[in-house]
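Below: one structure in structure tokens.
Note that the chains are named A, B, C, D, E and F in the order they appear, and that numbering of residues resets to 1 at the start of each chain.
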Amino acid sequence: MHAHDTNWSVTGVRVVLANPNSTVAITEACASLARAAAAPGTDVVPWTNREGPPVVDGLASDYLAGAALVRGLAELDRRPDAIVLAGFGNYGTGAVKAALDIPVLNMAEAAMACAVPLCHRFAIVTTSPRMIPYTEDVVAAFGFAGRCAAVRAVSLPPVDAPPAPEDAIVEQLAAEADQAHATVGADLVIMGGARLSPYAAALRQRTRLVVVEPVACGIAMAEALARIGLRQSKLGKFARPPAERDSA
Amino acid sequence: MHAHDTNWSVTGVRVVLANPNSTVAITEACASLARAAAAPGTDVVPWTNREGPPVVDGLASDYLAGAALVRGLAELDRRPDAIVLAGFGNYGTGAVKAALDIPVLNMAEAAMACAVPLCHRFAIVTTSPRMIPYTEDVVAAFGFAGRCAAVRAVSLPPVDAPPAPEDAIVEQLAAEADQAHATVGADLVIMGGARLSPYAAALRQRTRLVVVEPVACGIAMAEALARIGLRQSKLGKFARPPAERDSA
Amino acid sequence: MHAHDTNWSVTGVRVVLANPNSTVAITEACASLARAAAAPGTDVVPWTNREGPPVVDGLASDYLAGAALVRGLAELDRRPDAIVLAGFGNYGTGAVKAALDIPVLNMAEAAMACAVPLCHRFAIVTTSPRMIPYTEDVVAAFGFAGRCAAVRAVSLPPVDAPPAPEDAIVEQLAAEADQAHATVGADLVIMGGARLSPYAAALRQRTRLVVVEPVACGIAMAEALARIGLRQSKLGKFARPPAERDSA
Amino acid sequence: MHAHDTNWSVTGVRVVLANPNSTVAITEACASLARAAAAPGTDVVPWTNREGPPVVDGLASDYLAGAALVRGLAELDRRPDAIVLAGFGNYGTGAVKAALDIPVLNMAEAAMACAVPLCHRFAIVTTSPRMIPYTEDVVAAFGFAGRCAAVRAVSLPPVDAPPAPEDAIVEQLAAEADQAHATVGADLVIMGGARLSPYAAALRQRTRLVVVEPVACGIAMAEALARIGLRQSKLGKFARPPAERDSA
Amino acid sequence: MHAHDTNWSVTGVRVVLANPNSTVAITEACASLARAAAAPGTDVVPWTNREGPPVVDGLASDYLAGAALVRGLAELDRRPDAIVLAGFGNYGTGAVKAALDIPVLNMAEAAMACAVPLCHRFAIVTTSPRMIPYTEDVVAAFGFAGRCAAVRAVSLPPVDAPPAPEDAIVEQLAAEADQAHATVGADLVIMGGARLSPYAAALRQRTRLVVVEPVACGIAMAEALARIGLRQSKLGKFARPPAERDSA
Amino acid sequence: MHAHDTNWSVTGVRVVLANPNSTVAITEACASLARAAAAPGTDVVPWTNREGPPVVDGLASDYLAGAALVRGLAELDRRPDAIVLAGFGNYGTGAVKAALDIPVLNMAEAAMACAVPLCHRFAIVTTSPRMIPYTEDVVAAFGFAGRCAAVRAVSLPPVDAPPAPEDAIVEQLAAEADQAHATVGADLVIMGGARLSPYAAALRQRTRLVVVEPVACGIAMAEALARIGLRQSKLGKFARPPAERDSA
């Protein structure tokens, strides 16, 4: 392989990992998970949506985050090979796909796309009971409602409060996962929030369900798409509007 | 108006008619339709989303419009009895419902809610073939996919170009409506864009399908909800996030 | 406003409120709710289906009620502006729409059409566990199954027995509504029977879910349709058969 | 009957073949098809809904037929082993099932139940383009929408007009069946109206799709249910209302 | 019966009852049920899939069973009038239908086809909690997911262990059926495994739900199809591939 | 590569690329595509299902292929990191997932999982009109029916005939893809057969739809799953049956 010195495994792919909210600590936690999951040679570039809200915790902050995200990512000074949107929500994912020509992947859709071949039905555990209806709509909007058995929730403390002890959170996550298995036959659970992702490894010790951590899925699937040359279609809803095409 | 103190039709309801884009001419055209449809005594207050894009013509402008809309409508200096969002799209409708406590109704969902009891299946005609997938997602997101037989399109000139002759547009609209009847059995057609609404009356002369004009539906249904005291539930996805509740 | 003396707010709309069963007490209770909900100037004309069964409590009485309803409403001596069918069931709603040219609205479909924009998912509480499967079919037939989270039931005494104490019924209704929220995430509840409608106001004091009372929705939506000039399409399943057209 | 105690094929089953409309010629044509399809020993008892309309050609006549049907079949002087409702529609099928304790089978649902294991997707050809939306609702109400690829139509002359030449009708039927195969992949076609059933044998000579004739399916499936002792459940929507149970 | 010497009831139909697994005791139990359900004159020919696995207890044995079944049934030395596949699973049902020209009916699809007209919603009780997801997929693949309210399970001992006492099994079956009624409104229960079929009669004494036993449905429906001349369509997915047609 | 000893791209993952049919030329063509798509360091191990049929061209060969596949892959002498099933069909995919503990991915499900985030709706083009219903069932079984707009077909010559000229096939593929865009709004097309995969690059020059080639998706997604440590859940339908667990 010495003839391939300049090839992909060395230069690798450059993936922007975009946190849709403005909380840098969440960006960093996701970047750490992303780097652990990335192939060697992949360059993970963390990016924080500084004009967005500190947390996407409902429909209003979703739209505020999304508008800032579209504007912010359109101004990246160096074009990456792919973008992973590292929040478990919608927050303008389609808008970013429409605005850009490089592959854009939301970690929630990546997680669900990875989950479908691995299970009979999956459950999602989100960060708060309040987020269940929002998350249900996200699942439907991304086209995976037919395989999602349930959205359940733990109760994380607010993003600006002291974190709960890891043990307590993992305990809650395991209880919700196991309940989803017992009540609706879910055999795989997806961590439904960036703030939950760091607990995936510990949760795997506590439940027999397969545990899917979306940041890893997002990075791995973005690398895959970039390598095999796929990106969102520009012939349907991700097309740019005519004005932009004219001026671009 | 003091002579009619005891009379609902005089005190009436005050409805803000919010155009999600920044084009005042569209606001005015919608306001004219709204006033023609409103009950006597209803006060239609036109409002333009001046911080939004000039037109919502895809997913990116949808998010930009929505973020501006949420911010703008939260700052209305006088609380109306209801808000009608006068664009045929999503553009943060749920976000506005979550942010406010008064009834908020999107004219697209009002049109579809009115259409369901009146037909076997409805078709929607939108402003451009490019808008078909966007509009299909709007229909699904508002929960009416099961009754929508087809989304079809005419080809309006760009919002800043000289308007096409009315006859030509109405001709196109009638052709699309009749095709939807012939091919998928639609017996009712919804005007799928604020720029199409002014042609509803003329279209009724050209097709046997029932023609539903969303601005009228939005106003009439908003009046109805306001009068019978209904608004969006705050117990599900339209709940305010905790921070807002604390600070409010 | 003196210039509008002859306009709608004075002459108003004339709405026949048709009770599909023969029990006059139910007609009267519905008429009272309808008048409270109607716009000023609306003329609510109660009508009882005297040839129908005393109550629609299943599929057989549904068909007996419907046949009598179609015959009876076709013989109204004065043509109203709209008809509201004031029972939470099917009982030939489509047959009446097919037989008549004026707008016909079932209060169940009106309630569901109003509920969709206001909630994540709605629940319906009906009058008896026996009525749950019947009501589920009504929801599906009217095209709202995708948004109905559950049909639940209280246990009303028979229509000819002494009424239960209001408190006990409201207590049951609140318990069912709250269970629907806790178990399936419903954030809005529809009173699923004309006999339950009078308890709506009391129920609103006992539950945080939005409470939708169908008589009010039926009247308000019928006024809206009449005012904006919409009625059921005659190009699909509500068309008259050829013989009737010939003889008419 | 004591002479036949041990022998089913002699005593056979007694099946009432109930035509939901009042046109005796249709009853007779169906009875002829039914006898040809019945097992030896089956007693086919034709019954005409004399209080019903001459044809079920839409929603209004559907309800009139159904109410008369429920009343008429409840007064059969001798209890059959099963009832086959010999019209391709709804016309109170569930009402009859609720009113009676013997197996009741609509020939449309029997045809679809037989078709499902035999095909990838079926098409239905009905008697008139006007009947397409009605028939689509029948398919959905009976729970087979997921396997029905299309409802198409020929154009029969009115029931009281001189019949069209058989060749012309069979030609139309074959053209519709073949179109359903070519356009939506249907590989089986159901005759969607009692007046079409007599053409099934001729149609089989003209198309490669499997041709399902509902009268035969209704009789054969009713015999099967009667023999193996199955009838509609009385624990759900086919339960009798309490009053009837008390008085019965 | 001497008067009917030359007719169908004497010559009858010849139905192969094919057990997809290799356990002869199950074949015999099914044959016994089949003969009790068959019309007089029907010849039930038991057949065991001797090259298949001893039990179909999951996806791997399903495919092993199916491949052996296709091969085995293609070599029947005498062509029957119909084949009933007597296992509650998939195991290549479509493959057998594609390979043969005579009517082939899986007892699971026969049971569901019979159940649909008889109930509001059915439940299935299978042999083991492990079999629930497998069975759910079978229901969906056969096109009946829309009417199946739940798949539940008892816990049978392994096929090669001493059988459990009948009382204990029937008790479990009744409990599961009643739970399906109480929790999801099922009003009919299908025995979801050949090993459960023998308990149907006893179960009928213990539950108010209609109990559907699939072997009886399979035989009765196969007789019906054979008599009225229907078999699977060869124009869709059950067509033979070109090579086979060439060589055949 | 010795310089990278401790690095993932060197040790890489070992993926068995299993052709479900016995035609070695297809295995080789797929292996070539797989190697071009694989990350550096991935070891693609081609494997031919020598006990299977020469082509999977319908339901019967699907089952024969699947049974041989389950047996064959269970006997691999060296445990790979993942298995990609390189045929666009079902052929026992779930059976292999149940039989093995390593990640198993069908290239059809990988292609659809990759397609979902990239498009509004996808179309599949298969190798022959005969394969359309089979492929539609595959799409549904893998859980992607909601996003598949159409399955269309070209007409490849038989597997043992001389190949058609590449130009002619690519022309057909482009015509089908463009028709899927024009008629049902598909904006992405999946090559629906291993024999079509080699034409993907040429097709990209002829259509504006995104072209998804399943072998590449299968390899890339298998690498991703292997690297991030995910495999099919053993808690649902992919669990091993008890006997195997005991003896294993």
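Definition applied: contacts are C-beta pairs under 8 Å (C-beta built on N, C-alpha and C of every residue); 3 or more make two chains touch, one makes a residue touch a chain.
Quick caveat, the model's predicted, so the values are computed rather than measured.
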Each chain counted as touching chain C and chain D at once: B, E
Intersection of the contact lists for chain A and chain C: B, E
Self-contact between copies chain D and chain E, residue sets same or different by half: same
Chain separated most widely from chain F, comparing mean CA positions: C
Cα-superposition angle relating the copies chain F and chain B, to nearest 5°: 120
Distance from the mean Cα position of chain E to that of chain A, given in whole angstrom: 44
Between chain C and chain B, distance of the C-alpha-averaged centres to the nearest whole Å: 25
Residues of chain C whose C-beta touches two or more other chains: 120-121, 133, 137, 185, 187, 236-238
Those chain pairs that satisfy the touch definition: A-B, A-C, A-E, A-F, B-C, B-D, B-F, C-D, C-E, D-E, D-F, E-F
List of chain D residues in touch with chain C within their complex: 57-64, 66-68, 70-71, 92, 94-99, 130, 133-134, 137, 140-141, 158, 236-244
Sites on chain F touched by chain A in the complex: 1, 4, 7-9, 37, 39-41, 103, 105-106, 109-110, 113-114, 116-121, 142-147, 181, 185-188, 208-210, 212-213, 216-217, 220-221, 223-225, 227-228, 230-238
Contacting residues of chain D [partner chain B, same complex]: 132-133, 136-137
For the chain F and chain B complex, residues of the former touching the latter: 120-121, 185, 187
